[in-house]
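First comes the structure, then the notes that go with it.
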Amino acid sequence: MLVDKVQEVFNEPGCATNLGKSEKERKKGCTKALKPGAAAGGCAFDGAKIALQPIADAAHLVHGPIACEGNSWDNRGSKSSHSQLYRTGFTTDLSELDVIHGAEKKLFKAIKEIVLKYDPPAVFVYQTCVPALIGDDVEAVCKFAADKLGKPIIPVNAPGFVGSKNLGNKLAGETLLDHVIGTREPEVTTPYDINIIGEYNLAGEFWLVKPLLDKMGVRILSMISGDGKYNEVATAHRAKVNMLVCSQALINIARKMEERYGIPYFEGSFYGVSDMSDTLRNIANLLVERGAPTDLITRTEAIIREEEARAWRRLAPYKERLAGKRVLLFTGGVKSWSMVSALEGAGLEIIGTSVKKSTKEDKERIKKMKGEEFHMWEELKPSDIARMLRDSEADIMLSGGRSQFIALKAKVPWLDVNQERHVGFAGYDGIVALVEEIDKTLGNPIWRQVRSAAPWE
Amino acid sequence: MFKAHQSNKAATINPLKMSQPLGGALALLGIDNCLPCFHGSQGCTAFGLVLMVRHFREAIPLQTTAMDQVQTILGGYDNLEAAVLTMYERNKPEVIGVCTTGLTETKGEDMRGALATFRKRHPEVSDNCHLVFVNTPDFTGGLEDGFANTVTAIIDGMVTPSEMTVSNRVNVLAGSHLTPGDVEEIRDLIEGFGLTAVILPDLSTSLGGRQPDDFKATTLGGVTAKEIQGMGASVLTLALGEHMRKPAEALERKTGVPFLLFDRLVGLEAADRFIKALADVSGQPVPARVRRQREHLVDGMLDGHFYFSRKRVAVALEPDLLAAYCGFLQDMGCEVTAAVAPTQSPALEKIKAWSLLVGDHEDFETLSHGSDLVISNSHARQSVDRLGTPLVRAGFPTFDRLGAGHRVVVGYRGTRDLLFELGNIFLANDHEHASHDWKHDPKMEDHHGGPHAAA
Amino acid sequence: MLVDKVQEVFNEPGCATNLGKSEKERKKGCTKALKPGAAAGGCAFDGAKIALQPIADAAHLVHGPIACEGNSWDNRGSKSSHSQLYRTGFTTDLSELDVIHGAEKKLFKAIKEIVLKYDPPAVFVYQTCVPALIGDDVEAVCKFAADKLGKPIIPVNAPGFVGSKNLGNKLAGETLLDHVIGTREPEVTTPYDINIIGEYNLAGEFWLVKPLLDKMGVRILSMISGDGKYNEVATAHRAKVNMLVCSQALINIARKMEERYGIPYFEGSFYGVSDMSDTLRNIANLLVERGAPTDLITRTEAIIREEEARAWRRLAPYKERLAGKRVLLFTGGVKSWSMVSALEGAGLEIIGTSVKKSTKEDKERIKKMKGEEFHMWEELKPSDIARMLRDSEADIMLSGGRSQFIALKAKVPWLDVNQERHVGFAGYDGIVALVEEIDKTLGNPIWRQVRSAAPWE
Amino acid sequence: MFKAHQSNKAATINPLKMSQPLGGALALLGIDNCLPCFHGSQGCTAFGLVLMVRHFREAIPLQTTAMDQVQTILGGYDNLEAAVLTMYERNKPEVIGVCTTGLTETKGEDMRGALATFRKRHPEVSDNCHLVFVNTPDFTGGLEDGFANTVTAIIDGMVTPSEMTVSNRVNVLAGSHLTPGDVEEIRDLIEGFGLTAVILPDLSTSLGGRQPDDFKATTLGGVTAKEIQGMGASVLTLALGEHMRKPAEALERKTGVPFLLFDRLVGLEAADRFIKALADVSGQPVPARVRRQREHLVDGMLDGHFYFSRKRVAVALEPDLLAAYCGFLQDMGCEVTAAVAPTQSPALEKIKAWSLLVGDHEDFETLSHGSDLVISNSHARQSVDRLGTPLVRAGFPTFDRLGAGHRVVVGYRGTRDLLFELGNIFLANDHEHASHDWKHDPKMEDHHGGPHAAA
């Protein structure tokens, strides 16, 4: 059954990468074969949890030995404006005895304890490698528990060894499609209802965008999943429009919701002035297409005019100082192009971007923006980056926390653009914040000091 | 054997425990030019890696055998072999250490057999690179156990008996409760007596913040393979932490080097025992600056004890670090309200606390109510937010503050700094009563002269 | 003029010490001649400021070079429940030019600045040695400023070199009598109005007493001076009864108020169960004598019964542990006996008390309590104390912060009973707190550790 | 000469300045078996004594000539003589230091003349005890000046020119901005190069927390009179702090020993200069542990700089300490919003700040509005309560925390610890935005890209 689900995900027609593949290639699946001793990256369980855990009022229970939750909980920057339950780490912490005798009973007991203590609207139960190996039937236990406890108890069947983080994201999407979306009706609906899919509200950055939607009069029916509420996700099928933020991660949700419920979707970005404006425009246009009054468009354009003017005015002082500064972008997915456009708007020069986790469509976009000559690295090894930085090919690297020390040890400025950062970069305010962060880091006087050799050398 | 009371829940909530292989990796990171690897899914490595990067704020070399579902069912040797070959070819480390995970242990992985097979099939690798294979299943023990098992495996696999003795050399088995900063301080103290120390593992020279000239995918700094091999020539082994007892015994069995075990180095009398041992083994007088440090600690205890008397402190840490903190708090007149460990250990037997428990952060939060201070890893930030209690971050992981690796609490100086740190928190919170504090309140009775005060 | 005032203070008939002296001795004044190179203790300015500064809503301006205020401000534990202005340090910070040319103008300017910035109900202006030497007429400046600014500007003429801290206390009392008390009328008076004189509310300890007075129905018309308000002190002459807390410091206020306004006073203590009860009783009896309804006495007795029972119950667990523990009391004044009685109530043994700053009456009290054999040290040198402590003649020393290191360096427990402590010892709750503090300190396990020699010695 | 802008108020409000004699006493407290004395009213001594006891949490020997009104008018020599005789008879100190006060200076006190007279009249004392008489009027300068003047007077009065040179010995003139802990760290660094140091004054051995065997009314520990006398035999003087320039010049004049001035020892490049000088004078390589400390500091700067960039910090301290902190903050990319000193000094010239002022805590409070952090002595607690800004306590006096004397900010290690301390405050306050922070707020414009950010 898990095998079928994995194959289904591999066939995902909404996935640009898949569309570029032959039938045979597609069968092999998205995940590249990993090279033992030279691999990096998260597993499918990691991916599933990243996608679902931001649903903040649900309990997220990891069925596995301590490594899966004990080594990983409390490590991401998704923020919630309501319940903080998602920050609580739940696990069955399997012991040797559990491994020998099976842990289905323990799992049920754990679910029950959680429901009694915390009374969440739902419990997501994550399968992991060890119980999958010993044959614990998580789906059956969840069904039993749901019946007994009268709550949605949702199995997330994405044990680490089935594949990559990316696959896990998609399996999480399937979980929502199969078990959550469409299971409740909203109390009211409006012509302005949208879902935001694939936005995780890192550093609370969606709160830089939401006031603009409020001003437009757009209502967010559900967030999937940053700052999300379980019962709102359950009503997502009644939205008029879906916005998909990260192009690859949860594409299956958007596409299947279109298929099942006829909800159109578009892919958008909150990063950079013009992309942000395009996103607001798209929301307004699609809502109007689906029957919202047309003055929404006028209102939206007015907001865009005002916000853009304000943003450019605020960016102006930085532009001069940052002109010609060279950025190495080492991230993936939508950020590989959305950040490019955002940064170039502020006068920075992008020397290249990694596209390891980017889709074919992402890459096309970059080509359209930057031309064929532009560096797009499929595989950029740490040692290569280190060399580039030591050779002063870039003034600053933008990446995630794990790769920061490649830059810092080379004494090159670095900025976190991934999940551990504490500054929001979304929306018009966010791009100003991003540019300010870059300016602050580039302007810091430590660089000259740390680059000088000890005076006795 | 002593067993602490164990929380009996099906759901572990806000885990305090981390996995064995993580401890194994930590031990391997204290060896120079080494590449540690987890034998499991790539996710096992990714989680461990991120956690260590966040704590040490350093690049962490850690590889994976990248097991997938099919390979797991068929048996993991092929991936293990492939991984070791790749790591060797790409990075030419002097030491490769492989720790199993829950995934590979579920099927059962004979690491001794695997090592023998690999040696036979790839002498070109095993002749040029030390291989350490360790069983560290996720589903038994925790970080401290994985660390101890790996140090034992390193000793078993690498140390050779020695004919000769280097009279001023001592071995140090530095447990996982010691930060790189602690290890630095310990070496400093040892060298003050004219001794040299072989420290296994030596995190101070690998994870203290090296500035490499070039990118390196293996560890940079730490004890060298050659030094480890020569540990049999030392006159004495100083085993630091109860969980270093087994490695110390293994080392003694193998080389005949006797050992002294120091369950903690925090506190006046604990530091006294250590310094006395150094004076004895070296035959040297105690250096003037160490004497001054002792005076300063005594002075700090006299100046600071006011703020410690009967303060209620809750501590949740790995066993040996837990025992060290609880012991020091007791020395200073605090009441340890809750002592929570993630795993069982003989170190827990010495702890005196209102509640002593093997449990998780949820248990800890419940037991911490009404405490004046909480000492634990960064995960406790969630509970102290709810409790409104100050938190001193200690142990692993400390990911939301700078300098976790440089925290020093050992020796006279480390103890004095800890004393001032905690004392100042108590002092700041004791300070400045306002008129509304003094309402005639019958509940005050619980505060002054309640059952615990009279206990 | 200052000379006259000093002499007047020396003649104070309310002062028990004076009463024991011959006419000739009295002329010489209270202050013992100091031995250069072997003296310790504060100056008259210090004493005046200690007595007046707890009037919390007034500004306290020190006219002198930086040493007088710069080295001493923000160093006492008097607490205020209302204005915090008294914690602000004001000084004219005289420069060399000021010393050469005189600083009366600067003083006026300083007063004006303070009045404009802080608008306090009054400014106390403290004369110090240097401007006294150069002839700055502080009284004239204050009068001028008061006229100009329409505020009470009160000269406190107690420069350091005229004598001891104790003399300064009394000169502060004279200042209040001459310039403050009787200058305003209260809005209402009641038969239950009292003043508390000589209580400085250290560590806020008077707030352990006040709820009991509230319960009795007693109104505090003015606090002189802990937690005091200037305008209330100005109405103090309308109280029915004065309670004098520290027997020597402000005796002149109590006596002269009796003389001028016919207000009877008694000396009482808030330390220890029975003394506390006596104090409440005295207040009630004197108020009834002055016309308050007699049920005040019944009410008071009920409160005393309840509070005493509660206090003894709470003290019981300590009594056993503290029985026979020997205390060396190194303090002065009222504490030399009030603490004795308080501590013996808790089972402690007092091996002796210093009486350097105690009055004859204080000493009589001690003799009555303890007999002639009891140690009363007139002059206890630090080296003598150190010897006694090293010879284990005491288990704990109680004193002020300055002498703490005599005990601590001898590795003997010590407790602060003076102005720097952070725990209130007044009232029934306070005695329990005191005993708990002693128990905590004696029970602390550091003593064994710090007394052990280094193992290599 | 450079003059910083000076607050022009008649009323000094919440003084930052302390008096010259206090600085004088501090310098004398770093000499072994010494008894300092104020020539003034007993109150002058009592205030100074209490302040130092509260800061150092140590018994402080400090006497008084106990001047009263009549004696002051008649002239103070008699009391001065009587005080010195009494101190000598009772306590047999090796050094007696007398500082004048405002009281005795108003009449004018010829301390040179008094010393000559005393020597003539009491050779039985002056032959057996060094006498240092210094003019330190309360109404000019402040603590730092008194300290510098007294160190100069000690040099003038006690040091003798030397015929021979001790090749591995250096002098250290340790300014009042250095804590006992700083001095300890500095000696440690110097000794690491095989040098010995004569440190004047040496607070590390007198005020670090000695445990005497018996009660002593004079200082216990510190540089000895004999060591001071022999300073002429050193090869080099390291003058630490701008205010040690004059004493260093006096020493050079008297003995010919050249000096190097280090305006600060906080910060990477500042520490580099110092270590380089030690390497040069000793001809020794930089010890491995110091090299590691440098790497660790560089690492700390890389890890920590994120939290420092453009943070707004307000600092009020004595001039040399102010310059050290402001310099370090600047090194790390902070904006110094306000730098306030109690007195003028050439050290102020190097400070870059939005506002640089000679003023008091009231001025400082006004200038600190909107800062992310305040660094000052304990008196600033009142203003930060009103401002709601975190306070790092530094300098003198720090009376509401333990360990003021043990704070170390010099050298690579001290700088790194300071970096972590400040960085963690910034980090803790940056952390965890909540939804209400992100309201669409036009005022944000002032925050991001405001005039200062663009400056």
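Labels for the chains are A, B, C and D, by order of writing; each one numbers its residues from 1.
Everything below uses one rule, namely that a contact is a pair of C-beta atoms (placed from the backbone, for glycine too) under 8 Å apart; a residue touches a chain by one contact, two chains touch by 3 or more.
The structure presented is a predicted model; accordingly, all values stated were derived computationally and were not measured.
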#### Entry: Chain of greatest Cα-centre distance to chain A
C
### Task
Count the C-beta pairs in contact for A-B and for A-D, then report the pair with the higher count.
A-B
### Query
Cα centroid separation between chain B and chain D, in whole Å?
39
### Message
For chain C versus chain D, what separation do you get between their C-alpha means, in angstrom?
### Response
34
### Task
Would you kindly tell me how far, in whole Å, the mean C-alpha position of chain D lies from that of chain A?
53
### Summary
Residues of chain D that touch two or more other chains sit at 57-58, 211, 298, 303, 431
### Message
By the touch rule stated above, which residues of chain A touch at least two different other chains?
### Response
409
### Query
Tell me, which pairs of chains are in touch?
A-B, A-D, B-C, B-D, C-D
### Query
If you look only at chain C, which of its residues touch chain B in the complex?
79, 81, 203-204, 207-208, 210-212, 215, 227, 310, 314-315, 317-318, 408-409, 411, 422, 424, 429, 432-433, 436, 439-441, 443-446, 449-450, 452, 454-456
### For the chain A and chain B complex, residues of the former touching the latter
34-46, 61, 64-75, 84, 87-96, 98-99, 106-107, 109-114, 129-130, 132-134, 159-165, 382-383, 386-387, 390, 401-402, 405-406, 409-410, 420
### Task
Give every residue of chain B touching chain D within the complex, in rising order.
57-58, 184, 188, 204-205, 208-211, 289, 292, 295-296, 298-300, 303-304, 307, 400-403, 406, 416-417, 419-420, 423-424, 427-428, 431
### Query
chain A touches which residues of chain B in the complex?
9-19, 21-22, 37, 40-51, 53-54, 57-59, 63-69, 72-73, 79-80, 82-87, 90, 101-103, 106-107, 137-140, 142, 211-212, 214-215, 217, 361-362, 378-379, 382, 399
## Note on the structure
chain B contacts chain C in the complex at 268-269, 272-273, 275-276, 279, 285-286, 291, 294, 298, 301-303, 305-306, 308-310, 330-333, 430-435, 437-440, 444-445, 448-449, 453-454
